[in-house]
């Protein structure tokens, strides 16, 4: 397998006012990302609001994505669910729909031990012949993938990679060091704001939700890192940090999840990429005042004229 | 609507070695509970390991339960899922299958604010004409239903009751006080070990997982409380507390969830109620040594000769 | 040793505007508590805001308390500090000042394991010949005294009792059951709002901060429980729960600690027991609007005419 | 004031078997650090186990440090305590003893809001004319200094710097960006394992406990960063990450605090810098087997022949 690498945005799922997927907008999002030079796309993840969509819609979104991307870059698909057999079900569908790899969290809702988490990944690997990427996102799953869990699964071949959205950069570094000799394993950060650090430590890829809004910025950051121009990488990252302030614009009124992805959608609407900033229930969309504040940030970071 | 009340066990879901539902054992569980005088059953909850079962199996379990119970007591059904529209889907199925009420948690996986939780319940109520019971279980959902969330939803008629598995008895008491004038609202505790306290505070029902193992004990406790014999209630509760030690027998080896429900299943197997102690993946079943320790507890509490 | 028992309020420390202790008010507080029939007093605890006072002031407060109480009831003294030897220092002073027992938490600031917590208590017991009471207050210490920690220390004679402010009533019940044969051990709840439950489970004493405001209420509750009149106990408890709402009056403006103890002080000022509602820095005192809301609660619960 | 910068180790406090401070060893630690080129020392912090020492010992440690350092580098002193006025007391002593600045956490034991934390720092600044450094260490204090708390205090001149031991590198980056125009403010990371990242983001200094064991390594890392040789910085950091594994050697037996600082002390004993690895009560020292494992790490990272 060719190792995954580069900027692999988690793709926002635009909605119509009736909460169905707005596929014309969705297509524009994908073309926007690929046009900017992104190296892959991650569909059906947390930024995609996957848990709001049922199996049928998940399949349609993935099939649509595979069709639009049409082999230009790999399409990685989230198969998030609370338990082992549910994930296996999603993984089979995702494989059939053309996913290059599937992204799997630890079980959630139930409280799970690290040995059970290891078993969870092994059972899925045994059941579906598709590459697995572990997804460490404690803010949603409420369990952290331990360093030894990741390295055990990687070294034995159960997983081919990690998406680390834990915010624990020290632990991520140890995963990179522990697996440095395993050239087939790739480790990606889910951060938007310390991507230069992750790349400097040796991360193979980045999965920033904010790349939906500014994919060119993250591609420039990636390119600067590849050529070892850390000053340029840092400068680009700092601009993106100022842009990332859009995720807090609505935080006094709605939950962090609604404020974050809602901020992305609202900015993408202002940039003409998608038609609405509709959020799945029970999340509320950002309002006009919040949208105006987001536009101000887009202007100050050079995205809006 | 007649107010729900009494001992309403969350029904364990026995499995075959191939992880399918063992319906003959399931039928025996239900008859065991009804034979002991339980006042209702709660199927497809956390103790039922509902999140391990797909929509089709959930429906079968509920239809089987309704058929076996055959109107002798109300069947309340969990419709647990991560997001509003998923819950609505389950709730429609549950209503069609004959559930007297459906039990709904706050959204999970996503991080959700209290106003969003309130909207979540309202959207479900609007979409499905079936009584809603709020389920407060922060250990799984990682959000607590605030006192004002519960009272708002109850007073406006969105929910008809609460199952409180939060362990916060002080907050539960305030819910009881706040809603004392609302005679149609029922408030149940999910505790196994302070049920006498909950009843003394005015709780209308109890939903103890341990009642799968010893329903007679909880019915005796309920009856003692109804006649105001708090000394007898306490004595029965204290015996049940010693029995409850079965949930910690395997805790050094497996997760708390596997140790707890696994302890119930292992005890029920020893008592001849169900055929296996199989757990859904990735949970491991209790082993022979653990089963022997559980038998010792069953003997010391009078359940095994 | 005679076992401690009954209503043992944690005594509020009234302050002058210059943040020194207002001893005339302090004397009135003690007389107010003893006049109502309280069975002991707990000075220098969390409600006393002990960590805001230095060693010299702690000693003065304790000596003043012992002098005023003058043997009418036992005076128990908190010796709270972050580490073993600091606690030993306070304990020696407290013993010399006449404390009947000293109250000790797990270490704080540092992260400590249960075996280290056990050693902590043993070192203190070895160093100072004064009865030790374990104080379980995870909201401040950020560690819970495990059931086995409490029972180990009690059975070996290191501690003579427990003050449980953890809010985990199920765990408290197990401590009561585990130590039921140890007639010299006493177990007290720090709750204000489920005291009837604690007494029904067999608690030997109650340490409610709210008793500073309404000691007669808690003594009536205790007396009702002693004669087995649980209906009267519950009724009194429910009135006290409505009174306890004073602790949340300022919660939108200040921290929970300032709102809680500040609510007690403000109520006591309205009742003429103390002269000011001054709070130690950096806590802010409640303002006039908050005081008016507290007065409304005092009136509705029968404490203010 | 000259801005603080560079490698500023938090100095380990070596103990005699009777738990008194081993000053000859302490002197050797300081000379070891200064000989390696460290740019300052931070005494009486968490790594110094400050909360285990009383006021008199704190003063002696600081006075000894100032005397030994003798103006070669700045001596920064922790004045950690639970409440505002306790900190003020320590700060006055520290100023008199010659501290160039004092390091202050948020209040602990009590639960404190961000506005109260801001007031806490302001009260201290008003009371003692000594530069204040904010210390963000949520693992001990159980409160995080919010981004706005740090920037408010820095911009108004209440604090001159920050030591960030929170592990939240994204938030640290925002503090760096927010205060980039404030040339007199310095921001230091408490990390041992992502120091290269912190420096790349613009951090002015690093406060790694591990520098007690290998100060030359951190000075080389600092120097590489200063000349923009990020490849060399990363290589040095990765070696230090392998060395940092000493902090987990004893973690299965003792608490994290004892395992971490105990690992430092045990390594320093093996390197001949200090005489014992004695830990303050109730912490247990590492045993012979653990010491042997630490020696193996010291050898594999080039520190022991």
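So that you can tell them apart, the chains are marked A, B, C and D in the order they are listed, and the count of residues begins at 1 in each.
As a working rule, contacts are C-beta pairs under 8 Å (C-beta built on N, C-alpha and C of every residue); 3 or more make two chains touch, one makes a residue touch a chain.
Chain labels with UniProt names: A, B, C, D = Dihydrodipicolinate synthase family protein.
None of the values given here were measured: they were computed from a predicted structure.
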Intersection of contact partners for subunit A and subunit D: none
Chain centre separation in whole Å, for subunit C relative to subunit A (CA means): 49
Between subunit B and subunit C, centroid-to-centroid distance (C-alpha), Å: 36
Every chain pair meeting the contact rule: A-B, A-D, B-C, C-D
In the complex, subunit D residues that touch subunit C: 19, 51-52, 54, 80, 82-86, 89, 107-113, 115-117, 119-120, 123, 139-142, 254-258, 280-284
Touching residues on subunit B, where the partner in the complex is subunit C: 167-170, 173-174, 177, 191, 193-194, 196-197, 200-201, 228, 230-231, 234, 238, 241-242
